[in-house]
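In what comes next, chain A is part of two complexes: it sits with chain B in the first one and with chain C in the second one.
After this line comes the complex of A and B, so read on.
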């Protein structure tokens, strides 16, 4: 069965091969192996990019295949990041606190230890009590479960309410924007229990691996991200191949017709919305330990809009298109905004790319939407055009 | 066998005060063909919308099957899985997908997301698709993208999708629109064969087409039944001539 799935979807094999080759190349050239041709910070950038590619394929499935233009998937990404960030921060602070107390002659009481950890984490927002949502922060397993459960449950409830009322099109997009905005505004509050606008930081330090150099840690996360992207790609390719893909694309093209065929459209939308939210959460949980910090700004509505732009530029309705779009645009974006691109002096005016990059991106989006609706991925159609 | 498969009684629908369906009552037996004719705006499509759950009536009953289930309040998908299939006035097939995919989607199989996700191709399903493709004359086009088909072929594909659903009641809205004479003949044959084992309701303007269907005819006018009987019977009815037939020749 699996053979026939691959045989019917050769692009999956090509993608996995390319991803494998890329991963192998980066690993060999990284500082972790001693070759050091690729710096640790760039390995992190590449690892983060793989996570962005993962959420981009989720976006492509929900939008490109199912026709739901969600402008809120970065909320799920952020939740995944916060969920793992809580454990990272708690466990690391606990280690530091225990270290400090070990110098004392009188052993510290559990209450003292807890207070000290609380002080360390919540001092910035003028508090030292642990909010209820940190109840499981000491357990890696439970926080990992939350990476999956919270985005999944939120998507399930939100989707159920929205799809059941048959909210579609631009109204649904606005609703998803409202969801991500509400979440971001909530997190910005100091009493949200997640350190307000400070967010969670120091996430690059993995508890238990204090002695391991960042070069090694970065390559481990890079490999994990590559594995997650490969697995996610395979999973979504399987979901959208075959009959499920038919029904889902039918919903995109003519929802009413699918209903009259006897399919309960709302259940299908809910299924797609929820699995893509879960994958987005996983992508976020891998991303933020590489970024080192997460704050509510990451969940701002604009992030989810960028996600749609990546997928549109890469070419929606094909998974590798989403990967290309996310990788290409996000890397280009960090090059432009990071001062990599030389400013252009026009004599009377100097184009500084840190300011003008967004304009360029906006223009590209318009041009792609109007003239190349298939995006960059559409170029592959010319390459593999069947002889007719 | 039951005498009535679908019973619509006393149904009224108003759109912004305008009565599109006015105290309509109509019944269909478990097998056989029925033609519904009537001038533009008579409420033919709206009648199908009510039966298939797209439009909720203000008043009346729609009763289905042996168990006398009320269809009012059921969702479109629920009604469809209970055995009512529908072809739209404008051919609506999934243009981005192949003919085979269109038929496979319509084929009577479990409809839940989980069942669909774990669905496997079977020889039995493939054989059914082949048989339907043969019936609608699209055997050579199974791997073609539906969007590339001619208008008539799309109409047939949609009829094929209906057959694949294996419904007990087929509601067919203007199947012959835009078809050549030859295509029309073939369409009549398909519909007549389908009506051997199920109830088929055809809405059509074209009198020649209706004549060839050779079945009981119901004339709708201003949302109610104006006349019912054989084609010759209704076309000799003076009111029918006045409101409908007269128009074309006036």
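After this line comes the complex of A and C, so read on.
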């Protein structure tokens, strides 16, 4: 079975080899190993990009293979980030509070510690009580479970409702967009219990590793992201191969026909939708400790649309296409908006890429949709088999 | 008191001042006039008024305007105007004019407080002034600062009033003043009952003032006009705080107090026999504190039981500042009646708000109802067409200074520009994607972010104003509660107009017929001699053009920014989807439902529009589950995708 799986998907080996080589190279060249050719901040950027690639694969499976254009997967990404961010913020604040108390002659009661932590975290929204959703914030294990469970449950309930009433096509896209909009609007409120538009911050400081330099932390997260991407790739490659994958792709191409063949289409869609939501949550949980801050703006509908953009530019219906698209567009985007691209002087007007990058991206997206529906990944077809 | 004083003054005047002129009276009180104080000037003013001399109001006005000068040698007062170094003097009684150098005179400058007292004394003259605007001004000044002394002159002035509007206002003010200040309780109750018929803010304020209470706490209930007596345990902490403020109880010993006591009494690493290291639970601290308290080193612990004991042995109540229970009872009944009427009016107002929000959503979504609903094309750049329309209006206002003409030019121009943009987009992009709807979504999204950034590059990130013409400023005020701004009314009629126009075009014109034919079956339509390409192009242009006009309308009441389109796009799509795709009536139903729902939720939780939007979207998600095809669903073959 294993042999046949790899044999039918030679791209998996190629991808894993490329990812391993890339990870190895970055690790060797990073500041943590002493070579210092790649700065810590760039290692973080690369680590974050790997997480974006992971959610892009999930998006590719749900859209490119199953035909569900979800414009809400970044909501799951954000939930994963919030879940891990709650623990990071709680544990770090607890450490600071305990240190403050240790200087005093009288040891603190549990109530005093909890009040002090609440004050530190929620002072910014004018509160000091712990909302109910923070009940498990002191436990890393439970919060890690939430990274998986909450996106999974949300996707399960939402998907069950949507697929059951046979909401399909653009309707489903709009509905998923409404879901992520509702979530971000909810989180923007100060009384949502997650610090309103301040979001959660200071997530790059890992509790228990205060003395470890950021260079080491960044490379550890980079490696973890690379491992997650590799594992995610392998997992999805396995999911979409074989009989199950054929059914899923059949649903994409003609849902009614698959239903008439006797398959329970809704279950397949629900499975794909939920499993990709879980992977999105995991990607978010790895992303935000590297980004350091999460706020409700991150899960605005526009983010999920960009996700679709990456997958489309990279090439739908092939996992490596999603990875290429996400990495290419997000790195290019940070190069352009970060002022890396040189300005073009036209004599009468200077094109500053910080202003014009989005125009370029938008238009190139139109061009890709119109003329290169297979995206960048389509170029590999010319390498693998000669067009005849 | 005032009235009594003035009566005495009048009696005195009858004896002494009858034959006198104003100057003599002024000289009798020269010190008070020259250096008036707010508290002492009252009787002097009453004396002046009591003389009934016709020159009194003029003098008071001029005095208040700082036009009265005093001769420093003789002490005589004059009304004077200063020109250079000379004063033109007017005798206060005879009106005889003369001039004198300003050097020997001193200007009287009554301070603000005194001027207000003078103003109150003047009101009774202004109330019978022949000039209606001055009478109206006097009434407004009474309305702003109602005082007991104003009631009598106001009632006296009523008979001579011939202007119907002012007469009504006077009667209204008499009611308000009588409710608070009338001598006879029966008069007050009658006035209060009359107030129950009104919903104005003024009358509600009067009733609330009569019903003003102050909280009190005592061991036994005092003999006063008690408004409410409440359960001490209902809000124990707040009530205990009131007890502490009234020096009837000792404050609770807070955890911080306990902690401070511990820190202050550490002896050999122990607090009251407990090692400090063990003081990390509340129980251990309580034991240690009890030991300390028993030794007398700290005050005894005031905990929850002590607090409750203190609360149980006191009564907590609100007393009315008004002493007469008959009056407060009448006022309470009147206020209840008024509040019922106000609640009713608020419901109507909420309905109007919802209607206006619905018409805004309808305007934003009606273009989409054509491109998405009729043609089935998802146009994510629809919001950017709204933005283009709004910016068109802004640019035209830069060149056309008259706002009315600018708006009249802007509406067709915005239509033309977005029509052209829509047609161009259809030709270049959408035409190639008719069989790939999901990709249309992504391509138009690309156009959307490009247009947004382009607008940002051209117009900058700050909001640009689109000013409405002056005749659209202000609001239509039906009562103090029900009012709606003219812009919203205009948008409502604009929405109605477009509903009619779209229905007319789709149902009654050749174009509409061809549009419906192409939508239902392009192949068959083509074989009938209709050019589907042309029809698609025109339909898309029409939908986009209407978005442009909606942009002008929305820009009038919201700020014009490059992101304004994005704010409406999700809402617009939901309006179309909820209403039912492919049906203009459906869009109307969807807009009404969403607008009404949003206002309704905001009414329950007015401070939080974000929550309202969240719950609304959740509702819509659920709604789609149960009516996936929207409110107005197409039936039969037309419903097939």
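The definition used in the following text is that the second predicted complex is superposed on the first by the 385 of 388 C-alpha atoms of A that agree within 3 Å, B and C clash if a C-alpha of one lies under 4 Å from a C-alpha of the other, contacts with A are read in each partner's own complex, and residues count from 1 in each chain.
Here is the rule we go by: contacts are C-beta pairs under 8 Å (C-beta built on N, C-alpha and C of every residue); 3 or more make two chains touch, one makes a residue touch a chain.
Predicted model only: the values in this text are computed from it and were never measured.
Once chain A of one complex is fitted onto chain A of the other, the partner contacts of A:121 are absent, as it touches neither chain B nor chain C. Shared-chain residue A:243: touches chain B; no touch with chain C. Measured by the number of chain A residues touched, the leading partner among chain B and chain C is C. Shared-chain residue A:170: touches chain C; no touch with chain B. In the overlay built on the shared chain, the residue A:267 is in contact with chain B alone; chain C does not reach it.
Using the contact criterion defined above for the overlaid structures, shared-chain residue A:285 touches neither chain B nor chain C, since it reaches no partner. In the superposed model, A:226 makes contact with neither chain B nor chain C.
Look at A:186: by the touch rule set out above, it reaches chain C but stays clear of chain B.
Touch criterion met: A:358 reaches chain C, while chain B stays clear of it. Overlap of the chain B and chain C contact sets on chain A: empty, with no shared residue. Every residue of chain A that touches chain C in the complex is listed here, in rising order: 69, 104-112, 158, 161-162, 164-167, 169-171, 173-175, 177-179, 181-182, 185-186, 188-189, 301-302, 305, 308-309, 312, 355-359, 361-366, 369-370, 373. On the side of chain B, the complex with chain A involves touching residues 52, 54, 75-78, 80-81, 85-86, 88, 92, 94-97, 101, 104-106, 111-113, 116-117, 119-121, 161, 165. Of all residues in chain C, only 255, 259, 262-263, 266, 271, 276-277, 279-282, 285, 378, 380, 429, 432-433, 436-439, 441-443, 445-454, 456-457, 566, 570, 573-574, 577, 608, 610-611, 613-614, 617-618, 620-622, 624-626, 628, 641 touch chain A in the complex they form.
For chain A in complex with chain B, the residues that touch the partner chain are 1, 239, 242-244, 246-247, 249-250, 253-254, 256-265, 267-268, 271.
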